[in-house]
């Protein structure tokens, strides 16, 4: 037996798993409608590739993956596409998301499909393609596209494959039942994984000691296969990726690093079954084992559920007593969330539907003030300081939160479980994480806006400078022309005035020998010069400028007064504009004063 | 000389103090030159925290002038697009108390908005293009103008100059991607829950639509 | 060697200038809101205290005593302190404008920090030599830094904690300072 390590912290809630393993995995009748959300995974949502009214067969692709980190969706049963629109999904926000609805025809006709039995001699790339095309994502809860996870690249060779059969959360027995009944196929799936990852030296199935039947079921299949079943003591939350890696290998994953960076890959045992079905039988991921349990359902058991089955369908077929319990939870009692309604569909990551009675899981008691007992720090499996995180989350001190490693929190709920004051600690951490992420995004946006503003300012200044330069060059050119013309007339010759040497492409007088052209220019020059030289005219011009500026200032001030009176919130912008106009007025006035000297 | 000073106490006191003063004065003068400070790096740090909408609601023509004014001692609660979180951040930076947003300069809007030009009515005058501080409006004279929504900061400086008033400020819808949990009620206060007989909704939905 | 240890322990813990002798309470209360500014202030004050102890010893030994101007000690020391603080202010303004900004008026107020003048005068009354004086100055600074940093860390936690409305702010800070002072009085008789 391999050595195991013990994670810090952790709690031992009552397991409540015995209720749902008395019966084998059941089959439900096909629901009338299946609602398949386009985003059941981490990464870009899939895009539909079917149309309304289209007939689809079981296993047919109905939505395609978009980009690298994405998976396709398949029809879980044959029928007609009856809607492609936003529908309620299982998300704590209660918001809608794009879904494809299929009205089933009951025939459950499979599309033509075929797998390969000789996976050892297929290239890993082809195997990965099959896994990707089958729409497989992590079924343990996170939903990361498996084809991407199993392809860490040549820079990161994998020497350890860990299969996660821990299922540490109370009530959930989906993986347990699956192992008991499908051990052979699961081990085959693990062998396929090994082929994909180029045969890592260490292959371990990590399982808790509260599943003796599953361990016994695996034993004959793993004999002489190089796969070892490592049993360790039950504790919540041992099933977290980082926790399991520590238990099985003693290695602590640094913050921000992936297991692949340390040469390890961790896959849920349900996913290995899906991979086997995809590669050997050619079947895409269209169903999964879901536990339906809790005192409010008549018969707790596991079902092989089609993806997209409404939760209501599951509950109806289990004598769900709505009055007995206050809520329906998707997931377990520690990390699951209360469903906004029973009309949401099962997705690829749904391992349990829990309908507890009031006696089983009472409504939340009101939180009481923190008494600083420190039990939360004892329970934390990541060795964080939940008490400090709680206080800083309340005070919204983001830098202190990050200094206490808020983002290493796995939101397992062990701290909230032990808190004697019933404080919903994990909610604080989730809110704080959301706030910090939002602040980071806003900082990126505002930095970008600042760059654009700086560029805008520079562009305007550049345009001004160019205009000035052109004006200066033009003035110089005409001066030169005038000087040449004077020289020409002084000499009494009609030598053509050559183009002046300013190279800015301004309208230099052409090299035409006709003195009439030069004459006209000279005359215009003379007029302009006369105007320039004449202080009277200059003063008049400035006075006109001042008059119009004063007019503008008056209008701006009126607007400002009106804004102040009506208090329409524009005072500050208008007062800024008034300032601007006033400054221009001052400038003209000072120029006039200069002239007067 | 020393004896003379030693014998005449008043003179001694005078010489001692004046001498010390001159000595220290010289040292400080030398230090003042050596440690001369140019510019004001505080302004940079304050500017980093402001939201850069360049909207002018604070009364200054842009965010940087307001940052300079804060560095010179102005109050820090004049920025509505930044909202209370920006006020808190600046207060944290400068170690001053964080006041409430000054309603005189505007209110913090809950929803982010971006500008939208009703293209049917646009006459191509370029006034809005000149007004936009981040060049988020695409267009040219006598040609169609349109707002690049990704770059628009929602400062609404373009709405005023438009002669045909064809610019609307539309709210940006919240998506599942940017939904986030809101902080629970303070412990010690009763949390409304008790709904027997129906599936209780998610209990933390204060912020969601 | 032992003598130096005794001087340090004495000035840092047993006769802590803030909590036992109750000198220098103004910056202690005023700059302890945030840990970063407290650390900055502690460093500045330690710097000033050490330099002042040294400079005041020199001024006392070479100018005041030979010329029989003992009665001018206070004025002369204030002159020394003012100059050192001004120098410190310029130095901080150059190296950390943020700290300069955060400390604000408390930086020049180190001049009127009675702990600084107290150290200078106590050194003369105890008839110490140069090294001992400097060590006392440094120890005073270290003691001030220790309690200032401890106090500001506590105040940060208090700011986030559930303090009753009437106790928030200065009230709870004073109570905390009093409790700390009680704790430090436990050191008496150590040496």
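Lettered A, B and C in written order, each chain numbered from 1.
As a working rule, a residue touches a chain if its C-beta (ideal position, glycine included) is under 8 Å from a C-beta of that chain, and two chains touch if they have at least 3 such contacts.
Not measured: the values here are computed from a predicted model.
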{"item": "Most extensive contact between chains (C-beta pair count)", "value": "A-B"}
{"item": "Farthest-lying chain, centroid of Cα atoms versus that of subunit A", "value": "C"}
{"item": "Chain centre separation in whole Å, for subunit B relative to subunit A (CA means)", "value": "27"}
{"item": "Distance between chain centroids, defined by C-alpha means - subunit A, subunit C (Å)", "value": "51"}
{"item": "Chain centre separation in whole Å, for subunit C relative to subunit B (CA means)", "value": "36"}
{"item": "Numbers and ranges of subunit A residues touching at least 2 other chains", "value": "369-370, 394"}
{"item": "Touching two or more other chains - residue numbers and ranges from subunit C", "value": "none"}
{"item": "Contacting residues of subunit A [partner subunit C, same complex]", "value": "369-370, 391-392, 394-395, 397"}
{"item": "Contact set on subunit C toward subunit A in their complex", "value": "157, 159-162"}
{"item": "Touching residues on subunit B, where the partner in the complex is subunit A", "value": "47, 50-63, 85, 88, 104-106, 132-136, 151, 153, 157, 160, 175-176, 178-191, 193-205, 208-209"}
{"item": "Subunit C-facing residues of subunit B, complex", "value": "5-6, 9, 12-13, 15-17, 19-21, 24, 27-28, 31-32, 35-37, 40-42, 45, 71, 92-95"}
{"item": "Residues of subunit C that touch subunit B when the two form their complex", "value": "33-34, 37, 59, 63-64, 66-69, 72, 75-76, 79-80, 82-83, 86-87, 90-91, 93-94, 97-98, 101-102, 104"}
